[in-house]
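As written, the chain order gives the labels A, B, C, D and E, with residue 1 at the start of each chain.
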């Protein structure tokens, strides 16, 4: 039967992704689960999120697997003519606060330099995490595109330096603390659960950071694409991911309504 | 071997493919950029004040366009140009799609280089050709492009090497290539052997271009 | 105004700061790169076969080093060079820290451009200086750098403009600057007016460089 | 006008100003010049007089600040670009600085003017080979200009200028880098082209010998103006301007000879029946032979210390300095006789010498 | 060796080969040349003979393929770079192609050799100004080379070469672009420097007049070799080689004159008592005056059609072509008399003419 379904879906699904998601999807493409579902998957590395979303919306890429819910919302808000649709949730990679100098967030002294991402969704996420850790407070209306300007109080007078988020692990020695997303941390051999001094947990405050699969709005009813979500949450695939990423890609298998 | 470059061995196939992608991107965009760059560079030289087809308006418009294109950061160029890419290539991602931004990223630079190279052609020889009744087109092909050939080749080497550098940035739109491997696989994941190997291959390409270019320059140069 | 460029108005302060950062990065790294590039470019010209201090070994080593540095993708250069950056600047992030990779990113390119420019200095004049007993240093300063001045300025304009382009990529290490604003604020957040405004300012800088450069070239050029 | 029919070149009231940083230079000032078809017209003058600038106006390499230029009956300042190019193909130029293309071989340089014409490749090559043979460079056909000696480069430039079978040839010191023998063979070549093909030649030169041996007319330029012009024999034998006289005397070495002779011979030590005498005779006046007449009719000994007797464009022209020894009483009669025949004479005393000759 | 003390330049067995694509050119072949301090040494030869290449060996701008070069008693091929530079400062060169620096003004070009010396800025400027005055370019001090005429450029090059007070001056056709008057003033300047400062001058030229008026010795080059050399008067009056003869005759215009005369005068139409005769006399042999003697002693009419009688380096040298009319019986006696006085004569018949003169 698998052969038959292969035939009926002779065109493969092109998944655009970046970072560790590439490895995951390349692995998934090779699994029997994929074959059973009759999915032929190809993976392409597209490093720039904006380009990747545009390409997806244009149909040059079928499905993309890299972005968080908040990133997706931002994109859709700014590109009303060329929208994306979320297919389903995949995982939450907790962002962490890392430091080589201090073991606890409370130890970070006044006037310390904290590096956060220069890309807006990661920056906002970082600020929310800092608030959660009790280091700063943010404006009430702080959303997923909030910026440094929206900091209401910074009692310890931290200095913030915005960096390209992929360089986090490399500059960890140069600053007092740095916020690093898990994809980047993993690539830098940092395990958020063990190496960070503070990190996100799955709850309402971090729902915006849950990763999703997205496709063009035109394809929102494509059955094959929807199967990808199911495929991702297969047991053996999840085991593979857990083993490979030390459990730092926390599975989130919730309906999309959970995010709204 | 596996001990020193464990990840590389595992990725042999990817490396071969990435090398081809880099060569493909460089070669294709070099060819188109060469044509465009020569065209625009020559246009700048002949229309500039004192040129054989002096034309203030054309010169200042083209001159400004070149600067305009050179001002746009490459990543933004990728985005700005994507409708054109879509129109020309049919998609905005992938190796072939990267050719369009690569061409627009490099040809204005090349045009400026060509302009500088042609400015060094001896004015007396241009005059001699004019005195022999050569038309502007003849002067361009028989004098400028020929007398300036060694210099044109020299700036072409510089440009191709810059272009190889630029291809490493096209990973943003899924161009693949060695730069993508080095940056998005090797560097981002701290797999230094991959970065290192990719860079060695880039280096080999750069040296090949330089050596070949130098050889051609030596062949065409008669003092 | 607020209707057309809503986000820009809100970010006036950031724009002013970013413009200064870009100017600062460009200027500082241009100055250092100019020194290094001239040094290396001159070294290449004088040691190359037939040069006034012909030295096969030095030439081939320097020539290869230049190519080596030019082969490294900028983003990787950022990483490779960070220990040096740390040593020199004390940190690897921020506007000042970005100077080190910017310099290493541009000076080999500039050196090659200088080499090409100096190759056009009339060999007869070099011979005349040699016949007058000028030392290699005198020939470099009094002939190469002086007779080649117009060409040196021309390649310097090309280089500074390329450098402005490079600063837009230094955002990766928190350099700030207009490129950072255009890409990481404007582009990544889809705030097109910000991207657009940042690019306009970059454009103005590019034009300022070109106009000023052209003016200086005209002043030093005597046919 | 019927005049324009025979004139190959007509420059009317041409001026050229150069604007240097601080000063304005009038390189050419209100020059009128008509050159007939088939003429060989020499232009001489001091360095910087404006000769090169003037001839560059003929094919409009130099835009004149004012004036009109008529070449082959066309007012070339009014031509459209295409017409100007056509007109230029009939006017070849040999440049003072050669202007060879360093990327082409000698052969390639000579073939250049024929590229894009209807001439077949084989004919083009054959023609270039023939011209290279004529200028003595057959062996160097495959060589690049950078490997040539100065004179060889100049000859390539000459061959190139002739390749297009021009109607007018403008030569800016085309033989200055050539040895006398090569110069002579080049001049022969030009003469022959002038005779056989009615080639009009405009020729700037510093070698008076070149003017004498090939030009029919000559113009003398000074500070941007033509101060004297006319048939070569006339200008050389009856110079009207101090500068022309200077040129002629320098070229005949008269001035130098006088200086040299008076520095080696002491006139004050002459015997009473001796004088140092300068003779200058032109044209047919000398059928009899000056010296013989002196010697035979008046019994005067003539010891020639310097003589330059030659023909210029068909006329005998002579300059002579001699010590004459004989009966002082007959000197005057003899001199008068010569004078009536058109021979100018002068006794060189120490006074005269200080003022210079003629 | 005591010899080296007086020699400013000594070239021993110098060869220079150029390796072109397909062929090897022996530009200079086994040349030995000694030039004494204070000498003015001329080098002549056909275009491409190797003159420029040879003189470029003197300051090692051209590395010889073989041989040794001794300048100012130093074997310069063995000098260290610093020493070579010191040695070169004493040897100035005027290049065939000027090689001026386009980025410097005329003044700046002339000052160049003085940069980095102990001379103060004011002195340097004064010196450059003085030299520019000497070459007649005071007004052009602030001008850039591209705005100069050919001759003006050449004069700047001359001034530059003199700025460093060289002990040796090498001039490669330094007056070829100059008008006769300017040439003369430059030569005067060189002569004076030679006299006053014992400047040794090596001078390539195509103008025999230049050789005659300033050189003491001359070497004739052909195809890379020096085929004849010696004091100018000797070489010019008793040329041993065909090529030298050619040069001398071209420079005296004898050959041309004979050709011209025979093409205008028909010898076959001469009367029985007429002959066309060629005279050539050297040195003191002509104290008496050839023509006078002929006329007076033998009653022969001498109508001079061409004469070139002049002094070369102190010796009288004369060439003359004349129609002689008189008693045929005395012709032989007259000719023998002249011959015994060292005057060479030849009756020009149609046969002789075809073979050429001398």
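Throughout what follows, a contact is a pair of C-beta atoms (placed from the backbone, for glycine too) under 8 Å apart; a residue touches a chain by one contact, two chains touch by 3 or more.
What you see is a predicted model, and the numbers here were worked out from it, not measured in a lab.
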item	value
Contacts common to chain A and chain C (chain labels)	B
Interface ranked first by C-beta contact pairs	D-E
Between chain C and chain B, distance of the C-alpha-averaged centres to the nearest whole Å	18
Chain A-chain B separation of Cα centroids, rounded to whole Å	36
Distance from the mean Cα position of chain D to that of chain C, given in whole angstrom	56
Junction residues of chain A - those touching two or more other chains	50, 166
Multi-partner residues of chain E (each touching 2 or more other chains)	97, 147
Chain C: positions in contact with at least two other chains	79, 187, 223
Pairs of chains in contact (touch as defined earlier), listed by label	A-B, A-C, B-C, B-D, C-E, D-E
Residue numbers on chain B that touch chain C, as the complex places them	63-64, 67-68, 70-76, 79, 109, 112-113, 116-117, 119-120, 123, 151, 154-155, 158, 161-162, 164-165, 168-169, 179, 182-183, 187, 195, 199, 202-203, 205-207, 210, 223
Chain A residues touching chain B - in the complex, by the definition given at the top	16, 18-20, 44-48, 50-52, 54-55, 58, 60-61, 166, 169, 184, 187-189
Touch list for chain B against partner chain A, complex	75, 78-79, 82, 86, 91-94, 97, 171-174, 176, 180, 183-185, 188-190
Chain D-facing residues of chain B, complex	122, 124-125, 127-135, 138, 142-143, 146-147, 149-150, 220, 222-223
Chain C-touching residues of chain A, taken from the complex the two chains share	49-50, 74-75, 77-79, 115, 118-120, 145, 161-164, 166-167, 170-171, 174-175
